[in-house]
Each structure stands twice: as structure tokens, then as C-alpha cells.
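The structure's right below; bear with me while I get my questions together.
Each chain gets a letter, A, B and C, in the order it is written, and its residues are counted from 1.
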């Protein structure tokens, strides 16, 4: 073990950032409670916790976006209480956001200028972007518009924006969630280089393996509190998960399924880019059997939403391009597809799968009107809708005061259980879900995954589109990848390595190729 | 017969109210705010400007007061949308209805009075026309070259990101709304002080709405606004010329021309934007959406 | 310091309270405005809001209430459907004018024939004219993505010019001694829209408005299409997911609100106005927007709001006569009312919390 060396090294390292007894409350939520930890110079320090543990609130306070209710922070030994991000930046804090803080219509240089306090003149800035980005092996063309960049390239812009300010403390909020495994490796190489130059890095994630591989220390948050602090290399992923979730992870049951007849077929489906923005689908073909779970992986923005829309009926195609039990459905409306047994659950819970301002009862009417007979001859049966909502709440353990609660008042996990439950209880022939556990706490994620497995066991076909490779490996029988609107040939999930998957996803997207 | 130079001068004058109002609205929309109250701000400016010019005998004071008045009523919209988070479409409509009513109410005593004479600027062109032409490169420079303009565009493109970077979204937007109000006020005052030369109720006659359409036409660029305003000015002058020439088409049908032209132009440009690569053309990403964050 | 915290459920008590608060705030601010202009604020407010119903001349003005409220409610019912779907028809004034013209055209074409079918045919033609005028922005939006807000509004000005042209040209009364304006339809029994019950002011437009209120109430409370309309307004992507075709919804909402406005125009031309003139547009189409918002886009609310705004019209005229208040006062009042309403609306969606500073 190298632990003694780490300890020795720490003795010589200066403390860059320290938090002492930080607390923050929102109406009804204690987001952070008495949080204390320190980040040392030159270390990659992981902040580990599941969704809702309070990681994002904590880093927003360090970056000046949110002000703590209690506690002290210090940067380089000086009190650190920024009133806004500019003040935080001026004192040496930089941050790469989970959902990029980039401006699509603006150029790379303009985006970087907006993230700096005193940007140099245009020409000089452009030259510096080119130099620094090459220095770190992350080439960027300063005059390109953000809208034309891939997810990996966008993250590069955020990182370069931080690097140009020579930060003392660099915060990375879930940076690998949009990257292929190969891109993530490149990112870690960059971070290591920075750490070796003396920058302290605070790395936020819930991905255990990458933290074990790359981080020097980890602070673990649960329910807004620090529950532990450790050397992640000295623990197994299982142990880290237990600390994060507070108890053993529930194992899901994959048994008792057998593949039956082909239910759903997609035949050479091509769709143009929907009104301006998005990804075109190119010659997508797949077939799905009863009792089978097909996993579709891919980096965000490679056609996932479009594929779901093509299956849900939001986007229509040639009738024969989508068939269920041999019946052509490609040109059918969403209602006709539901009638036939093809159900879907889109990624975006608020605003797509559910209407935020509607009650749960009203939200059942979005998809269950026909199959559950909540609507007859155009007339709504409010009583039936309410009792169906109650059934979903009960069967899927949705924590809510009742069916009259607005969807937006539910936590991500509970709303996701409701959305999945609403479809599953309609006993679909085929269910297609996109990002079923995105931003959901571990308990809800396990429940959703189990529900999908149970549905397949009962003889339905399930397609899981996800960016979470662990989830796909856990659930699916066969795996294929979406890359720039093309679907790869499926491969049996068993025996598939992470490296192979990375290559299926398109490898390191344009990382080697300079975009100049 | 028709002297091309004097036609061009007429066109410049006819285009000026729209040019001012549309340039102002351009800045507002680039900040991510859709203010449909242009008509109301213009009529307020037309009245306040005329009243001040009449009272002082100095048309330039009139324009200054018009700018102030336009900015003041625009603040009502700013309070509603930026602090009280009201729907921007409805608030803009309210501003238009309120402005039209307010101007009609206070304008009664001024009816029938002639505007004080306006000194003519270089090349027989009104000073305010010159000012409007000058505003085109100024606003272009502001939006595309200045730091403040970059921040404004950032706020309009993605207000969440701008907030995350520490910019005060609300402050930027209020400033933009005030500027838009001032510009609409000047545009309105140009109608009463320099074109019609008196005050009549409802005299803006849809100019504010045409300005809104021209911002769409411009694809959210200053130069595009100039082109749109001149196109509109051209149609207006042509229509007036045809009327004067006694063409055998009823006057009422001829006077539809500016409105029909606006619709046609709007359709053409929307179609181009719809079928081009980027949805919504160059429309700012956060246009029309309110911003609220719980700290 | 204060901060705004979003409510988990929209507050029903506040939804009812805010329009009332807005009316009170308008009265107070309006009163202050009158005081500044040198009028007695109490007398002015009483003249506008009380006297039309209970004052000395109430016998004359009370029937006017239904006459003015009917077109407002009829138009606002249609607008509310669109507004709920996020489709902004602000050109109801134009659809109202065109409906009046096409409806009257039927009568003027068959004059002096008599028959039971003439008036229903006029109503149908009026609705058709308004529908067609509303379908222009609908189709331009569906085909080309043109803003229905700007197109429908531009068409108001075009409609006004059409009305002027009709009044001076094709529809001018041949026996009118060259005066602009069409024949007076109230003097043409088969085409007239008379008072149905003496002393109430109720004409066929009132009946239509009542039906419109009931129908929209049914649409939003029981019918899936009403649900889809609300969904489209709150979450367009969720509506597509549920199976709503946005294009069809745009055509439905603009067409329907156009038809209702057109009908309102016909009832006015055949009744209270009596003829096609160049001032056919009387602002009902714009005031109806305020009615729709003040009524919270809810049928019952629209009914009450329509009556209230009708009251301000009548009260405004009364104040013009008795107090010499300028005619535009009512317009200012209506604008103010919408301002206050939009402002107070915050309270339905947010709680205002005092912020505790550490």
C-alpha cells in the first residue's frame, strides 16, 4: 500500500481550501449540515455522494452562487465568503459545471471572455486560447460557435476558460457524465498535469470506479452531512457505495427471463434533423424479442431523443420502418401506438414525460387515457384517473402527499417512479425508456431497474436508452451504441469490456483531431 | 417628374420612427426580453415629446423628454416582468393598451396645435434622422465589439449560464428595457414632431408592431434593422406617391400596403429561418423567458 | 430581505383574490389620477362603477350592460382557449370587423327579400368570415413559422381599412345620399338582431355568449381536447408526447376564436351598431384580451370580467356626460387593470418569504 507515502506527502502540502461547519437550508430541505473538509495543494480531491446528497449546493457556495447560512470557508488561509462568482474567480476559484455554462450562439473566444474578469483584447485572447489549449493537448479553434461543438469539445472550452485564470482551486462538477471512457481518460490526464503543477482540484462525482482510479482523497456526503473521509484507493467500490448510500446496495434480480418471439422491429429508419436542431437518424435497424432488454448506449446528443421520438410517435416515419407484432406503426400517432402496446418514457421528466404544473392525476391522462379507459369518447373520467394515479403511487412507492400534488413538487426519484409506473401498469407489449435513472437517488434507481426487469420477465420487450454504462451492463441482454444518429450492431452484453464499449461509442470523440 | 433624391429623403424620414423603435427592441430582445409594448411606448413618446416641444418651443428638448417618457413607461413593463415575473407577452400587451389610453387621455388639450419648427441638419436631412443612422453602427459596435454588449448577448442567449458566471441577469435586462423604451419614445416623437407636425390620437398607427416585425426580419442584427426600416419607408412613400398620383385604386386599399408588406416580409423571413439550419434563426436562446432562481 | 419561493400547488384562494385586488388597486390608483387631473375622485369612481347599475339613470344604462358584455364575453371565451394553449391571437379586433362585414354582406346581397333563414345565414357568414381571418395567421404560422402575434395584429389594421373601403365603396347605402355607411340593418326585419326581452338589452349575441361560456366550461372541465390545450400551453413537448399535433391545435384555436369574434361582429352590426361604417371596430377585440386575463382564462371568470368591463364602458360614457371626464379614461382604467392583475398574479405562483440572514 502506498498510504504512508500519501500521508507523508500531505504533511508538506499546503491547505488550499477549508470549510468549517457549513450549513444551508432551502424550504423543506436541509441541503448542507455542518460540513467540514479541506482540499490540499496538488491533490485531486473527490466529493462523493449520491443525487441529492448536497454536493452541488456545497460547491455553489464555494463558487459564490449561493451563500451559506452557517459556517466559515477559507481559501489559502484567508476567509472566503464570495458574494458572487466574480469575487470567487478573483480569489482563485474556477469551476466546470455539470450542465455546461456555455452560450450556444457565441464563439469559443466570446464564451471564454465571459468567464474572465479582465479578458485581454480579442486578438490576444484568441492567441492565448490557441496556445494554452495546445499546451494541454486540448486543441480549440477560438472562432468556432459552441453550437457546432461536440460534448467533449464543449467541456474543453469550460476547462480552458478555467485554465486561463490560473486557478488555485478548480472545481469539476460531474465532468465525465457526458464523455466516452476514452475522453474521460484524456480528461484525467489533464487534471493530473494540473495537480502536479500545484492546482488543488475538487472533483465531484458518483462514479466510484473513476474516483478509485484517479482521486487522492475522498470526502463522502450523505443527506447533506459529511459521513466519512478516506483514501478511495484503499476501499472497494462496494465499500464506497455503502458509505455513500448508508447501508448495503439492494441487488437487483435478473433471473427468470427467456427470450420469446420478435415483438418490435425497426427497419432502416432514417429521419432528418427535426426543425433545425438535433441529430438525424441514419439507417437505424433493430429487433426486440419478448422478455428481452436491449440496452442502447451513447454520449448525449447522438440521437437518443430522436430515436425515442421516432418510437413514441412524436416523429413519424414510413409506416414499415417501425413494426410491432408485424403491424406497421411508423406512420401512426402516439395514441395509436399506445393502443397497439408500444409505450415510451422520455428522458426529461419535467416538461416532457410529465407536465410540471399538473397534478399526478392529470398527468396520468397524458399517456394512460386509452389503455386504462380514463377517457371515453373524448370525455375524461376524473374518478378513474384519480384512482389510477393512486394505484401507481401505491405500487411504485411514490412518496407524495397524494394524487393531487403537482408533479414539480416531487423529488426527481419519486417523479421518475411515477412516470415509469404509469407506463408499466398499462402492461405494455414494448416499453422504451430514455435515461430511466438520470439524476435519481440510489433507492429509486434500484426500484426503477427492478421494475423494468420484472416487466421483461412478464413477457414484454424493453429498450433502455442510457448514458450510464454501468446501468446498461447491469440491465441489458444485448448492447448497441448510438453514434451520430447511427446504431451499431447489437452485441451480447456478457463479456463486453469497458474499452470495447468505448470504441462502440465512437472512442475519443475528435480528441486527437485538432478542430482547426 | 419624381426627383429621386427627394424620394430618398422622404424614405429616410418615413423609416426613422421604425428605425429607432426597432433598434431599441433589437437590444431588448438580444437581452432575452420580448417587449410587445413598443406601440405603447411610441405613442407615449409621441405625446410627451410633442407636449415638451410645444411648451419649450425647442424640438430637441421634445425628443429628450420623449426618450425619458418612453423609458419611464418601459419601467412598468420591467417591474412586471423582472420583479413580479409576469408573462412577457401579456405584460407587453398591457403596456400597449395602457400607453394608448394614457396618451389619448392627456393628449386632448394638445389637439390641433402645430409643432414648433425643426432646424434642418446637414444635407437637408433632419438631425434626428442623422441620429437614427448613427445609432446603427453604434449599436452594431456595442453588441459585437464591446464587453457590455457581450454580457448582454450572454444574458439573452442563456440566462442560467450568465447567472452561473456571476452576471446580474435582472440588472442587464432592466437596463436594456429602459434603453428600448427611450428609443421607442424618440421614434414616436419623430412622428408627432417631424412627420405629422401635430398631435392626433392613435397616430402611431401600428408603427410599434411593424418595428417588432422588423426585428424578426433583421435576424436580430443592427444592419438588418436598417434594411427593414428602409424597406418599410420605401413602401410607405410609394403608397403615398400612388395616392397623390390618383391611381384608380381606392385610398383605403392603398393604405393597407405597409401592413400587408409587413406580413409578407415576416412570412418570407420566417420561412427562411424555419427551413435553414438553425431553428428560430438568430433568435436569442432565452427570448421571452423569465428568470428566477432561489438562492 | 424578501425572497420568492415557488408554490408546490397553485393557490386557489389567491387565484380568486387577485382579480379582486387588481380591481381595488385600479380604483385607488384611478382615483388618485382623477384627483391629480382636478376631478372629485369619489364622484368619478361612483359614476363609473356604481351609477350605471343603481344611479338615477340606471333604467337606461342597465340594459346596456348586457349589450356591451356580450361581445366581450363571446370574444374572450375564444381568446382564452388560445391563450391557454400558448397561442396568442391578439387580432380579434380584425376578426370582429371582418365577421361584421361578411355577415352584413349576406343581408345586403339579398335585400329586400324577407325570410327566416336570412339572420341565421348572416350569423354563419359572420362566423365564417372571422374564422377565415383567424386562419390566415394560423396557416402562416403552421407553414412558415411566422409569429401569429404580429400577423394577427397587422390584420387588424388591414381589416380597419377594409371596413373603411366597404363603408365608402361597395357597401355604401345607395339610398344614403352619398353618406358613407351601409344600409341600416335594424330597419330590415329579417336581418335585424333585436332586443329579445324588453328592457334587458339581451339580443342574440347574449344568447351566443352564454352558450360560449357553457361550451368552454365543458371543454376545459370534461373534454380531452381541453386537457390537451392546457397541456400544450404548459408543456409543449409533453403535449406532443401525449399525441397533440401542434399545427392542428394552432388552426383550432385561431379558427375558433376568429369565428367567435366574427360572430360578435355580426351581432353588433345587425343590432346595436346597425350598419357597416368605417369605425366598425370599437375596441371590443382588444378589451376582450383584458377580459380573458381578468377572468383568469376561466369561463366563469370571463363571464364576471366581461360584465365588469362592460360596466366601465357604460360608466365611462356616463362620466363623460356628467363629469366631462375624457373618453380615454376608460381605456386607461382597462390598461391599469391588466397591469395590476399581471402584477398580483405573482401571489398565485409564489410565496413571499422574509429571508433570514445568518
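Just so we're on the same page, a residue touches a chain if its C-beta (ideal position, glycine included) is under 8 Å from a C-beta of that chain, and two chains touch if they have at least 3 such contacts.
Since this is a predicted model, take the numbers as computed values, not measurements.
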- Among the chains, which has its CA centre at the largest distance from chain A's? C
- Counting C-beta pairs in contact, which chain pair ranks first? B-C
- chain A to chain C: how many Å between their CA centres? 48
- Between chain A and chain B, what's the gap in Å when you average each chain's C-alpha atoms? 44
- Indicate the whole-number Å distance between the mean C-alpha point of chain B and the mean C-alpha point of chain C. 27
- Query: Using the touch rule from the top of the page, what residues of chain B touch 2 or more other chains?
  - Reply: 274, 294-295
- Query: Got the chain A residues that touch at least 2 other chains?
  - Reply: none
- chain C residues counted as touching two or more neighbouring chains: 5-6
- Message: Which residues of chain C touch chain A once you look at their complex with the stated criterion?
- Response: 5-6, 8-10, 222-225, 227, 230-231, 234-235, 237-238, 240-243, 353, 356, 358
- Message: Considering only the defined contacts, which chain A positions touch chain B in the complex?
- Response: 26, 64-67, 84-89, 97, 100-106, 110, 113-115, 119, 147, 275-277
- Task: Spell out the residues on chain B that touch chain A in their complex, using ranges where they run on.
- Result: 147, 150-151, 153-154, 157-158, 160-167, 274, 276-280, 282, 284-285, 294-295
- chain A contacts chain C in the complex at 27, 68-70, 312-314, 333-335, 344, 346, 348, 351-359, 362, 365-367, 369, 375, 378-380, 404-406, 408-409
- Spell out the residues on chain C that touch chain B in their complex, using ranges where they run on. 3-6, 88, 90, 140, 143-147, 149-151, 153-158, 161-162, 164-165, 168-169, 286, 289-290, 293, 326-336, 338-339, 342-343, 345-346, 349-350
